[in-house]
Structure formats: C-alpha cells, structure tokens
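Both complexes below contain chain A, partnered by chain B and then by chain C.
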Partner chain A sequence: MSARFAPGDAVRVRWAHPPGHLRTPYYVRGKNGVIERICGAFANPEELAFGRDGLPTRPLYRVRFDQRTLWPDYAGREGDSVEVEIFEHWLEPGT
Partner chain B sequence: MSDTHSHDHGHDHGHDHGPPPDKDGPLTYYQAMETAVRELLIEKGVVSADEVRAAIEDMDARSPAQGAKVAARAWVDPDYKARLLADGSAACEELGISMGPTRLVVVEDREKLHNVIVCTLCSCYPRALLGLPPDWYKARAYRSRVVREPRAVLREFGTEIADDWELRVHDSTADMRYMVLPRRPAGTAGWSEEQLAGLVTRDCLIGVSLPKQPAAEA
Partner chain C sequence: MSDPGHRHHDLGGLPAGAVEPSEHDYALWEKRVDALLVLLGDKKRKLVRTDELRHGIESLGTKAYDEMSYYERWIASITGVLLGKGVITSDELGRKMAEVEARAAEENR
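What follows is the complex of A and B.
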C-alpha cells in the first residue's frame, strides 16, 4: 500500500458534500488535524454502499483533531482531542 | 373501551381490569424486511434456520467479561499489553476470543489521559469482543454530545475527569473498532487476573466510567 501521508503529517479534511453514503463526519470537514496512524487499506465504503466492490482499496488514516479547531466554543480544556478514521481521498495537505 | 376511564366510581362492582395488553404493535418496515429476507434465504437453502439460531447464540455468548479478561491480562503482563496495543485483534485471539474480521484498536488510559469511544455516524461497537452495545451507546444524544461536550457527558455517568487531564474521544467512523484499556486501580498489587477482571465493567471499556475500586480492607 502506498500511503500519501505519514504519522505526524498535518492534513485538512476536504470541504465537500457529495451525495451518497459517506463515512466522513460533517463536523470534521474543512478542519485541520494530524495523522495519528495509518490503519491499512480498505474497500471504499462510498462504493460498497451501492453494491459495488469498492476496489481498489484505499488507505485509511486516524486523524487527531484539537477539540478547539472543531468547536470554537468548546468548553473543555485546551488539548482535548478527537480521533476520527478518514479515507485518503478525503484528505489534503494541511497547515 | 377506554383504558383511561375514571376510577372515582370505586371498586366494589367487581369488573375485571385484567393484565395490561401486550405492546406488540404491527411490525415496522425493517422488522418486516428482516423477516422476509431471512425466510427467503432459508427457503432458497442459502442458510438454514439452525445456522441463523447458532449465529444469534454465538453473538449472545460474547459479553463484556471477555473485555475484562483482556484488560486484566494486560495489567499483569507488560509484554501482552504491548502486543494488545500493537494489534488488538491478534492479542484477543491469543486468549481464545475469536474476533473474525473485526480490526480492534485498543487505546490506553494513562496518567493525564482519558479515552472514550463513540460512533457518531451509526453505532459501530466491538461486538465480537463485548457483545451487543448498550442502548444509550446507539442513542443520538450520546453520539452527538460526547464529541461536542465529552466532559459534561462523562459527568452524567458519574465520571469526573480532572481539568489537567486530556480527554480524547475516538470516533469509530470506518473499519476499526475500539476498546479502552483503563488504568489499573491502585491497591491491587498481587491480585490475580480473575480478581482484577472483576473490577472491569463494560462502561469502563467504553470509557464513560472507571474501573471499580478495590473494597477497603477491614
């Protein structure tokens, strides 16, 4: 599997709203995070949902977000985080 | 007949209220579809009724006790813990827990770090390990709030996370499933794995609670 990103890389989730079955939660779209780990390569759920084979498999990452980048009014401490699994085609280099 | 009839007429007239009626309404759309698909699969010989029953039996045999066993082993065996954190599914298989295709990621609570699990998109849960999820885990209230105000949600479970601790929420959005490895309670030096497993609850493996504390010695 050739993965475009490595752990520690800054990434941004694409700000996109295509129709269909998506496994990219709305609340992280357009947000900056950091690659925590590469989970492996998995069939694309956006294709599987319509009965297709989802191939070729695509790299899946865990991306860590600072809560304050997700919710500007977050009430917890600085440094609280959320980790979300995101497929590579939803990620672009971040800042 | 109304079941809200007035009761100010007294009860000396001997009529029989009877037991309350069953709440079995008509099947929902998805209940009817499940029954139809299951019956067709059986009729066409794709699966047998006995295989369906056996699959349910297998599901029912999985329980948080399996997760407790895994956590207790990790507490007493640092090498096992390292393997568990590197590959959760393989480490469960070592203890005879069949994980099937489930890819388990175990996240470790540490000093100054508490973890909690959710699936905001649906209700992904490590069923192969812990069995069926609790209803609240599948409820929209938990799923939407725990990523947004996790400290308030944990407080409602009676779990207070100190302000100088990081709270990390894990959203199971795709192919991984998660379990929290809680911190081993203090005062348990020399305890057996079985004793330790008795302190591990389902909720602390999800991360909304902490392990039970050992009872104070008399």
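What follows is the complex of A and C.
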C-alpha cells in the first residue's frame, strides 16, 4: 500500500458535498487535523454502496482533530481531541 | 441545517439531548430482519453489503427517516437493494404482502 500521508502529517479534510454515500462526517469537512495512524487499505464504501467492488482499495487514516477546531464554542478541557477515520481521497495537505 | 450539503442523516454535533442507555427487548420480526441481513450479506451471497444498506437508509427521505424505527429502516433499505438487483420483484412482493395481510386478518377475526 502506498500511503500519501504519514503519522504526524497535518491534513485538511476536503470541503465537498457530493451526492452518494459518504463516510466523511459533515462536521470535519474543511477542518484541519493531524494523521494519528494509518489504519490500512480498504474497499471504497462510496462504490460498495452501489453494489460495485470498491477496488482498488484505498488508504484509510485515523485523523485527530482538536475539539476547538471543530466546535468554536467547545466548553470541555483544553487539548481535548476527537479521532475520525477518513479515506485518503478526502484529505489534502494541511496547515 | 440550512446548508443543502448537510444531509439529514448526518447528525454529528447537532443538539440531541441525553442518551437513553437502557437495554430493550427486540420483537421477533426485528430479530428476523437482523438475521436476514446477516444471511444476505454473507460471503456466499454478498447480496446486501453494509454500505448498500446504509446508502438505502440515507435515501429514505427525511420524513421516513425520522418516523421509522431502527429495524423498519433496515428492512426498507434491504427491500430496495433486493428490488434493484432483481432478487425479488415488486409484483412478487406485493402479492406476498397481500397474502400475509389476509392471513393476519383471518387470524385476528
């Protein structure tokens, strides 16, 4: 598997809202995070949803977001984070 | 949710109230729906994959999505996938439903 990103890399989730079956939650789109780990490569659920094989497999990452990045009015502790698994084609280099 | 790109089923981060943590019993038909999906999705058949099930649920329409129970959404989606693949036809299903309705009416008389 050739993965475009490595743990520790800053990434940004693409701001996109195509129709279809998307596994990238709305609340992380357009947000900056950091690669926490590479989960492996998996068939693409956006294709599986329509009865196709979803191949070739695509790298899936666990991406860590600062809660305050996602929710400006977040009232929890400083440094709290949330991790979301996101496919590579939803990620671009971040800041 | 005024942004049209924010789909109805995508609830993450929206106000939702407290989580109800208690276990509840499942009706027999709900257990059957669960078993049906396991069989339809097994390695031998691969007729309804998880993502097909989810896509069907997400495509139910907002009113149906809100009003249907968990397993009602499942069976609605499973039905749509099986119709789409020609495993069953609307005509077969319609006739069977009428048959079951008639039987239930007979039993309840």
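Here is the rule we go by: the second predicted complex is superposed on the first by the 95 of 95 C-alpha atoms of A that agree within 3 Å, B and C clash if a C-alpha of one lies under 4 Å from a C-alpha of the other, contacts with A are read in each partner's own complex, and residues count from 1 in each chain.
Keep in mind that, in the parts below, contacts are C-beta pairs under 8 Å (C-beta built on N, C-alpha and C of every residue); 3 or more make two chains touch, one makes a residue touch a chain.
Please read these numbers as outputs of a predicted model, since none were measured by experiment.
J.: Classify the contacts of A:V13 with the two partner chains as first (chain B alone), second (chain C alone), both, or neither.
T.: A:V13: touches no partner chain.
J.: Using the touch definition from the top, say if A:L48 reaches chain B (first), chain C (second), both or neither.
T.: The second partner, chain C, only.
J.: Does the superposition put A:E83 against chain B (first), chain C (second), both, or neither?
T.: A:E83: touches chain B, not chain C.
J.: Based on the superposed arrangement, let me know which partner A:W71 touches: chain B (first), chain C (second), both, or neither?
T.: both
J.: Identify the partner contact of A:P25: answer first if only chain B is touched, second if only chain C is, both if each is, neither if none is.
T.: Both chain B and chain C are touched by A:P25.
J.: Can A:L91 be said to touch chain B (first), chain C (second), both, or neither?
T.: Neither: A:L91 stays clear of chain B and chain C.
J.: Check the residue A:L60 against both partner chains and state whether it touches chain B (first), chain C (second), both, or neither.
T.: After superposing on A, A:L60 lies in contact with chain B but is clear of chain C.
J.: Looking at the overlay, does A:V34 come into contact with chain B only (first), chain C only (second), both, or neither?
T.: Neither chain B nor chain C is touched by A:V34.
J.: On chain A, which partner touches more residues: chain B or chain C?
T.: B
J.: Under the contact definition given at the top, report the residues of chain A touching chain B in one complex and chain C in the other.
T.: Touching chain B in the first complex and chain C in the second, residues 25, 27, 45, 70-71 of chain A appear in both lists.
J.: Which of the residues in chain A end up touching chain C in this complex?
T.: Residues 17, 20-22, 25-27, 45-46, 48-51, 54, 70-71 of chain A touch chain C in their complex.
J.: Enumerate the contact residues on chain A facing chain B in the complex.
T.: Per the touch definition, chain A meets chain B at residues 23-25, 27, 39-40, 42, 45, 60, 62, 70-71, 74-77, 79-87.
J.: Considering only the defined contacts, which chain C positions touch chain A in the complex?
T.: Listed in rising order, the residues are 3-7, 10, 12-13, 49-52, 54-55, 58, 81, 84-85.
J.: For the complex, which residues does chain B have touching chain A?
T.: 103, 105, 120-121, 147-152, 163-176
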